[in-house]
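Look at the two complexes coming up: subunit A is in both, with subunit B in one and subunit C in the other.
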Partner chain A sequence: MATVTLPARPRTEAVLWIRKNLLSTPLNVLLTLLLGTAVGGAIIALVGFIADADFTILRVNLALFVVGGFPRDQLWRVATSLGLFGVMTGLVAGLVWSGAAARAREAGLPVPPRSSLRQIARRFWPVGLVVAVCLGLTQTLGPTISVVSALVLGVVANRIGQAVPHKWRRWMWLLALLLPIVAYLTLTMSGIGWDQWGGLQLNLFLTMAGIVFAFPLGILLALGRRSSLPAIKGISVAFIELVRGVPLITLLLLGVFALGFFLPLELRPSGVTRVLVAITLFESAYIAEVIRGGFQAVPPGQTEAAASLGLTAFQSTRSIVMPQALRATIPAMVGQFISLFKDTTLVAVVGFPDVLAGSGFANTQAAFNAQGLARITLPFVALIFWAGCYTMSREAKRLERRLGVGER
Partner chain B sequence: MTETTTTAPAQPMILMEHVDKFFGSFQALKDINLEVGRKEVVVVIGPSGSGKSTLIRCVNRLEKHDRGRVLVDGIELSDDVRKIQEVRRETGMVFQQFNLFPHLTVLDNVTLAPRQVRRLPRDKAEELGMSMLEQVRIPEQAHKFPGQLSGGQQQRVAIARSLAMQPKVMLFDEPTSALDPEMIKEVLESMEELATSGMTMIVVTHEMGFARAVADRVVFMADGQIVEVGTPEHFFTAPREDRTKQFLAQIL
Partner chain C sequence: MLRIVAQLVAVAATGLVLYILWFNLSNNLRRLGIRTDFEFLDQPIGVRIAGSDLSPGSSVRKALLNGVRNTLALAVVGLPLLTAIGVLVGVGRLSTNWLVAKVSSLFVETIRNLPPLLLIFFAFQAVVLRLPPARSPITPFGWLVISNLEIHVPGIASGARASTFHLIMLLTAVAGAALWWWRTRVEDRTGQPHHRWLWSLGLIAVVGTVSYVILDRPLTISLPTLEGRVVTGGFGGLGAFFAVLGALVLYTSSHVAEIVRGSIQAVSKGQTEAANALALSNTQRLRFVVLPQALRIALPPTINQYLNYVKNTSLAIAVGFADVTLIAYQAIGNGQPAPQTILILMGCYLMFSLVISAVVNLYSRRFRLVTR
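And then the complex of A and B:
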């Protein structure tokens, strides 16, 4: 009896599962049929759409979507900075691993395994998918070569970062953090300023620069809000509540169209600078509120213990409260960064050629005008943002789990 | 007052004079007068809400007293931050909930204050930290995180963390109240050894066995007042006050 039922068991369980969850009552049967038809129909429609669609508009305008109006004879700069980012990412990942491994060895715990390329592929598949789609649309070999070399450089840098001797680690970290600056200089030297940037590159730049500038400012505002000095507290609260009470688009419009009236001509910043200032101010207020939540999650016993040991208020904030508060805010912080990434498309509204604006431009070109091709370009833009945001949120969950190890 | 302070006119380690403390309109401490001599071990007992914790938290200014004077090793506590820091450097405190720093390893918990407050270099601080962990008999846990230890181990780390500052006074705020019964003993043993080594201690506890065996004096508090002070022998065999008798009858 048992020998007969054993092989059939998985199938029986599947059937049981379907019966229990999808067909348990007449209403459930009806719902299953309706939803099954809807989902199936949607999938068939989507496959049909992709099969029939003409992606010429994307093929012709790929550079517009990715780098906007960046001079086409200078694209090697973009390729170089991509390679530098590859090196930085690989190096940082390798250094993080070798640091964790060194700590584990010191503590006599098992050394964490290196992540294999397969695991990396599984973690970053949405981004990989978008990159593959883009490379599939290219008409020359240049982009493919630069993406592949960036990946190879990343892997090599990763191995170097893992193998680097302990005494050099500090310098390697410094090097890794200097690389984005080198990448930035590569992009901007010889007069290609921010104002010639565009496409996805502009969105990514605004996101990264926004985080880099708004994060420290947000920490200062959050600390200011906790301050016992009424003036500092008042200014922080006023700033945070003022900025949070205004839509980002209003701040962007103010920055672009109204800031000029308040500043003398020689001090008027360039267009992208204005947008970046507006984004930084906006983000810093939200980040400050996120961090404030983190402060509240640190039990008062922690500051009492620090005080009882003779730590000053500054030392206690820096070494005890801040690390725990920031750790507690990782999920909310990443959520904030994700919405910043998406919000950068608002610059399209105030006239900057970002990736969303690229969709608009492409549809005004003579070859594609008034053919409703936004049905192709807009989903393409959406796919890019979805891949970035979904990956960020998955990585945040992973980080949260890993940092949870030392938690009480 | 007691037989222990034979080193005649020496300045007391801790001196509290006419201390009052209010939380809003509630008076938590009423006219507290207490002297703790050098190397003396004072155990404070009393019903919950009687002000025991508030009393020792006034000694290192985790609570600010509203009236009267508090002196630690001759330093008077006031709003002067430098004086407060000075007192806290000399005063260790162990909490009911351990309050270890969960994001730091055990060794980093112990070496943090010596490095940041005493400015010891890392290797010196770690040497000191390891010797403190040996003193509470958990050097093998040095590289774990607090969350990986049992309650008793965590509390012993907390003791080592305070001792690493080489304080002159140790304050214990119900150090065993949050522990499972089987772990209480290991913590009390560490405290007993500390007392034997000549540390000045104020211990708020419900462990009457510890009070009887280790205390030089027992202080009984109720309703924010010190009701009775005496040697353990006197205190547990022939208490004077009715409140004390009542309390002892309830818990013994």
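And then the complex of A and C:
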């Protein structure tokens, strides 16, 4: 009987990969086993939880989470402003691309390709996921229609932005920046001021308004901190360090309970205005530090070169240092935007109906009270924040790479 | 000349703004009949403070001090914990084990993109409050007592001669430090290997063991035990304390992990290659080349995270843990003047921030790279 020698079993790539990446040393074998068990258990528990859970509380309260107490017969205003933001986003993206393309053509470089649908899907899938989840929970057709039309409008505006002739680009930028104001007016024209806003809408509004109001103040403070004049520098440093040394919640308490004392009694700022003042003060100190970082990224040779060209200090700051500094701050500004977005949930503590407070409201409704449903509503809110922050932080990293900030 | 004028204008403008604010404040407080001094600190707080033996009749001052103590408790327990988790996860992200690296990045990318307040709410409402009620706590492993009101974990109990033991250990630590310094000097002068670790830790271990035996076990690990409804021994805290602690430790450690990963990666590859060229072992390379440089890069942003952690403990107000912010909030709610109360509150946090920065600055001065 002839013995048959089996050929050595071929090591497939998968086996090699597992050996190298999971089982290379005894310690790694142990870690893989322990973590593998834990991860497996967690996945099974998660799947079981999602299969068992009853999402009625989200279905019934979806509007509460998204717009809070906004009058339900005025929701078309929210839909319209959503469309306007879609147009703005598309237009800005298109203008940025056509600007880059124009510069590339001028320099004789290949024109950068437009982002393909797949690239966009890869970059923004978390936001898409949240929108899909929300639309899956709706009971009416309205939200789906408005989201789809906002998307379509965005795509159209994007094409317009890409094709716009050079001499009109400036005006298109202006138009794009005016659109949020139009959206704001759409929301408030019927007398529904920001005091009646709530839900995610309030969080987004506070984030955007906080950054927009705090930005000029932040630039002034950053310039002040860099100033060679001791008095101005001292005032700026004192303000920045005082604000950065205290938690946002203390400033919110100051805004809500004590702001009125610092103003003439006849002037009674409304609740959200008080919060906005606190957020603006808080944020301006942080933005000042971000911008200071941008200033430090501008090599001193630039200022010296400007001086040797005979530019005054003001001219040199305005046209040499500032543009470079602000460009270098873009990624850090996105980071600041993310952290403010997360911080806006603090208004729930001082009694404003933001999206996180919405979870509490839903859990105390008669139909859902005392059933421990926070384990459903809080992860839903978490998903919204996670999608927004994760997407933005990845975009910030991408911008950082493209602008070459932080490269040595 | 222009410079002086500009500064004068700036100072005058700031002074004017401050004056207007102060003018309005004192005017309004007078018109509303609210006192402008700090006499209210001696008035009763008027509420019962959970987890303390203060009565509603205790003064606002005492209640605030109790709040400061609670805030400090969160900081003292949390800071070492979050550092440990952050370092583990940060190193884990660089692990050659694929599963470890993936799980670590999943942790970091999930937790740091969520609002800390949401994490606290979740830890309290979806975890702590769903534990068994206080009348029938569970005792897993026999060394935890858990209910939705209080959680007890093993702690350290002091025996009769604990203070003597503490004193001895303190003196030994000083002696160990002196020994460390002496061995360093010996190496500098003679070039003999210093063996600092061996000398000073050896001394501490020997003296520690001997005195522990002689003093007849001055410190023991005490397990919480349940007798009826009363828990004795161990370290106990309100469920809200553990919710805030757990949520914030996880949140901040995810940021620390990113710092750790970034700093290790920021040590340039050439350093590793140079260490390999010198035939240093893996451990030596990490110990003498990579980690010292990474630590220097990681220190400033880590301090920032420590400060953020302490500031974020103010979110305890949302789940009713009596930190200094909640006490101030309750005082205002009970009609104490808001401007002064908030001023004191902000002063407390400024103090915490200053102390942490000062301590770490002292420490980091030794690590600073001397540059031009």
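To be clear about the criterion, the second predicted complex is superposed on the first by the 389 of 408 C-alpha atoms of A that agree within 3 Å, B and C clash if a C-alpha of one lies under 4 Å from a C-alpha of the other, contacts with A are read in each partner's own complex, and residues count from 1 in each chain.
Convention: a contact is a pair of C-beta atoms (placed from the backbone, for glycine too) under 8 Å apart; a residue touches a chain by one contact, two chains touch by 3 or more.
Given the structure is predicted, the values throughout are model-derived calculations rather than measurements.
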Partner chain in contact with A:P165 - subunit B first, subunit C second, else both or neither: neither
Partner, of subunit C and subunit B, that touches more residues belonging to subunit A: C
Touched partner set for A:L242, first subunit B, second subunit C, both or neither: second
Which superposed partner A:A107 touches (first subunit B, second subunit C, both, neither): first
Touching partner for A:L309 - first (subunit B), second (subunit C), both, neither: first
Touched partner set for A:R375, first subunit B, second subunit C, both or neither: second
Contacts of A:P26 with subunit B and subunit C, given as first, second, both or neither: neither
Of all residues in subunit B, those that touch subunit A in their complex: 60, 62, 85, 88-89, 91-93, 95, 97, 99-105, 112-113, 116-117, 143-147, 158, 161-162, 165, 171
Subunit A contact footprint on subunit C (complex, rising order): 3, 6-8, 10-11, 14, 21, 24-25, 28-29, 31-32, 96-100, 103, 109-110, 113-118, 121-122, 125-126, 129-130, 311-312, 314-315, 317-318, 325, 328-329, 332, 338-339, 342, 345-346, 349-350, 353-354
Residues on subunit A engaged by subunit C in the complex (per definition of touch): 21-22, 24, 28, 31-32, 35-36, 39, 224, 228-232, 235, 242, 245-250, 253-254, 257-258, 260-265, 338, 342-343, 345-346, 348-349, 356, 359-360, 363, 372, 374-375, 378-379, 381-382, 385-386, 389-390, 393
Subunit A to subunit B touching residues, read off their complex: 103, 106-109, 299, 301-302, 304-312, 315, 319-320, 323-324, 327, 405-408
